[in-house]
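What follows is a set of notes on a single structure, which appears directly below.
For clarity, chains are labelled A, B, C and D in written order, and residue numbers in each chain start from 1.
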Amino acid sequence: MKQMHMRILSNQQVSDRYWHMVVDAAGLDAEVMPGQFFNIRCSGETYPLLRRPFSIYRINRNERTLEFLYLVKGLGTKRLTERKAGETVDIFGPLGRSFELQDGWKTVLLVARGVGIATLTALAQDAAEKGIRAAAILSARSRNDLLAAETLQGFGAHVYKVTEENGNSDVESVHRLIEQILAEHKIDAAFTCGSKRLSRLLRDVTASRGIPAQIALEEHMGCAMGVCFACVCDVREGEALKTVRVCKEGPVFPLEKVVLA
Amino acid sequence: MTIKQELDLTVNIGSLTLRNPIMPASGAFGEDMEQVIDFEQLGAVVPKSITKEPRKGNATPRVCETVGGMINSIGIQSKGIVYYLEHIVPYYRRYNTPLISSISADSIEEFVEMSEIIASREEVAALELNISCPNLKGNGLAFGMDPEITYRLLQAVRQVTDKPLIAKLTPNVTSIQEIAIAADEGGADSLNVANTILAMAIDVHTRKPKIGNGMGGLSGPAVKPIIVRMIYQVRQVSALPIIGCGGVMNGEDAIEMILAGASAVQVGTASFIQPTAMLDILEEIKQYMRTYGIANIKSLVGQVSATK
Amino acid sequence: MTIKQELDLTVNIGSLTLRNPIMPASGAFGEDMEQVIDFEQLGAVVPKSITKEPRKGNATPRVCETVGGMINSIGIQSKGIVYYLEHIVPYYRRYNTPLISSISADSIEEFVEMSEIIASREEVAALELNISCPNLKGNGLAFGMDPEITYRLLQAVRQVTDKPLIAKLTPNVTSIQEIAIAADEGGADSLNVANTILAMAIDVHTRKPKIGNGMGGLSGPAVKPIIVRMIYQVRQVSALPIIGCGGVMNGEDAIEMILAGASAVQVGTASFIQPTAMLDILEEIKQYMRTYGIANIKSLVGQVSATK
Amino acid sequence: MKQMHMRILSNQQVSDRYWHMVVDAAGLDAEVMPGQFFNIRCSGETYPLLRRPFSIYRINRNERTLEFLYLVKGLGTKRLTERKAGETVDIFGPLGRSFELQDGWKTVLLVARGVGIATLTALAQDAAEKGIRAAAILSARSRNDLLAAETLQGFGAHVYKVTEENGNSDVESVHRLIEQILAEHKIDAAFTCGSKRLSRLLRDVTASRGIPAQIALEEHMGCAMGVCFACVCDVREGEALKTVRVCKEGPVFPLEKVVLA
């Protein structure tokens, strides 16, 4: 983890609520892995005061650029939209533990909702590079929010879109979809991000079949470097519960271990 | 033009001499920060307050943002004193920087018991008694809200160790002076002014408190003027070295606290925003000293004029 | 989509019914503002605290800025009660908006004397007793720091008038609940939570306090989380209507205070930045009510969930 | 007084420490007079929180524009420099009492220091329009800060420049200069802004000769509309002292009445 001022190469609105930012990461010496995140200073003001955490959306090792896909939620992300290409952005990272893709896995299932799509896109990219196929269920409020679908398809992922708009994003529908995918493909591992409901569903489905699954969690952060204990969640250790830091021990955890409140 | 000169940044906290006045605020510092700053350059290291037994801490979200500040309610998540002595204390042995152990307890007896054990470790240079954490008891009550209890607590801990005792005061009081005098008379060697200010924020859309615990402690630049006032007030009634804490974001903020009466300054929230904040602040202090031809930081302590 | 409906914005402060919950904070309002806002649209008007004798006030600068806030030390510059009765009170007769007179005094006897005279004027709808101004006495002391004095003060003033009495509490206390109970038992009809927080800022270049008086009162968005906490705490121990005051900049801030337990909200600093702030806030409150289908603002008072 | 969002026509650095801003005042219905000021929101942030007061530097009634000349002092003025042409700026005013030029005056003396030069420039403009000649002593740290000199000359003012740089800005030198001007011209009235030392000097010189003089004061402000009593100064009323508001009863006062602490 390192604090850097990276040049913004582009920062553009890509749909009603989503923006996409590309930064020049030439100065970054550390390897960045899918599931990891950066803590970004959205403005130089005292309000918003804290940095905001964003997962890596795409890692372009050749171009040495990093991409973020973000939802405009409150003041911090609003300020981030005001940053222009050519300016620098104050970025701290890479932070946290990444997803793990094991040797020998051939097909993985991704179940993402909302901004979780950004997080799993980096994983799809990594999977593609490792020759692993991905089936991805992308869930969102509206079709408009499913902008990463094409990027994922570009990585060869088989994409299933579900939205409130289309009335097929309820848990039951997604359950049927997952069952269908599991029936058609041998899924070696599953990954999820962005929805507690879908995470519980995926946990139940994968647990009963013994499919390993990983989840990337979000929690409000103070330091994002493991010292303040703001960002905790509970994980099972045998019979006991252990309170661990999302920014340090996470944000990626084995799905069966996390307590999905 | 300023002349290059040797700057004396050393400050004294009781019998302890620090190489410079900048140290972390408890709860905003830990071993993981070794990756971003060189601990050898700090005046002291202050790990998160430790409790006797392991504690789970409070419900999430544990932090939220307000204008110029943040509210936290971690609830002193702690691995307990056994872990602390086995892992945390030995870890800091590798640095040639005094280790100040922050202690949090639920009773005077527990403060005494923990202080005796921790102070007996030679790696520990001083104790900071967190008598002010607003999260531990219902409704934000804390030992440091009562002068009588503060006095007795300090007196009791004083019996079991000769190491410097820093009383970390709570700002949530009518008279910080009264509490400062109590801690001073009880036997404190230094006063930390101060912990966080009890606060609350409500999400108007969900109608729920923004942090899991309902209330929490406010820190960050928003509170600095309140803390500067308290440092100034405490300085008027006690000769003990003061450690200023609350809202320091840059070198000028640190100098402001020193002028108000602080001998040293702790940095918390700023490190979340700027991981290298403590070292940046140190550089800015040096720059200030050079600009104004100040050779010795101690000469600035309490040097604010009485009025404009 | 939101449905157009009649919104009931009326609130009660003791026997007084206000057309809406928004009114100015004393010291941040005066006749000169008639040029920028329509006083008929306010819930009440609250001129600057009046003292018995004319007062010169404090040395300049009387205000300075801090992160998200400002410190003021006006020192209750006042033309005295005679001028007030002859000019200020009659001025507000032209508006159909209740006049709340803020009174500042140096002793209980003086509070009683002034209250009796001012309350006897039919134009005056209610009295706000400023028992909290941190500038009047040395070191920021105020009547409202002591529950016993607060109780006696309210009880004494209660003898001389039946008009609604609002006790404006000081936030510079260990337990705002204790003071709130004292004011309630003493006979207050409403509690204003709260006045400014005692603070200080130092110019590191001149080494002088940034305001002439050294210390002053902090207001503005920086203090809002502290005030919201206090409103929430006071609501737990008293059934009196609360007037929230401190850092309200927009409609959501006002709603936040109402959810915490306030029946009405005062706006001070915000008017300096946005002269029309009070009316803007009123519009934003209406918008919030429409969005969430709330017909009656009273139904929101204290409606924050106990925990997240 | 009215709050308006005025379009910025230009906002440019004109010397090391000074900037010049022109705004479109077409929406302004009130008459603006020299010595009056506007309270400007330098940024939309919560820090700087308060507005900042700036005198009118030039009033262009035909173009319906207003000009400000400002010194970059702290955070507020720094933020003002970041505002760009085309954006709007939140302006409140016009505020306060203006200078008064009496019928029949033929020649006036202006003594300005630092940002006070901005304030007196508007007066020079007004004087010129009324056919009144002006002799202006402009004092500053460096020649670089005397940028308004040409503008004043453009209004036909006879300009005398004194600076620390040139070693002729001390009170004695300025005193000699004033005496010289008084010897050469019949001065009907004098005006000053920007320096306590020079104001005291001008007060003594004009009082002994019975020349009427006016001063524009500066004081830290809260509301700038007369309600908060932050901005006070003391003025003499016969034997007594009266505490008045700079934003309301001022910023222009008869020089002999103000107490120059």
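Operating definition for what follows: a residue touches a chain if its C-beta (ideal position, glycine included) is under 8 Å from a C-beta of that chain, and two chains touch if they have at least 3 such contacts.
The chain list, named the UniProt way, goes like this: A, D = Dihydroorotate dehydrogenase electron transfer subunit; B, C = Dihydroorotate dehydrogenase.
Predicted model only: the values in this text are computed from it and were never measured.
Common neighbours of chain A and chain B under the contact rule above are C, D. The minimal number of chain-to-chain contact steps leading from chain B to chain C is 1.
Computed from the mean C-alpha positions, the centre of chain A lies at a distance of 47 Å from the centre of chain C.
Distance between chain centres (mean CA atoms), chain A to chain D: 57 Å. We define each chain's centre as the mean of its Cα atoms; on that basis chain C and chain D are separated by 36 Å. Taken residue by residue, chain B touches two or more other chains at 61, 67-69, 221, whereas all remaining positions touch fewer.
Under the contact definition stated at the top, the residues of chain D that touch 2 or more other chains are 46-47. Every residue of chain C that touches chain D in the complex is listed here, in rising order: 27-33, 35-36, 48, 56-57, 60-65, 67-70, 72, 74, 77, 220-221, 249, 269, 271-276. Taken together, the chain C residues at the contact with chain B in this complex read 59, 61, 66-69, 71, 139, 145, 172-175, 197-202, 204, 206-215, 218, 221-226, 228-229, 232-233, 247, 252, 255-256, 259-260, 288, 303-308.
The touching residues of chain A, counted against chain C in their complex, run 46-47.
Within the complex, the chain C residues that touch chain A are 67-68. For chain D in complex with chain C, the residues that touch the partner chain are 1-3, 41, 46-51, 92, 219-233, 243, 248.
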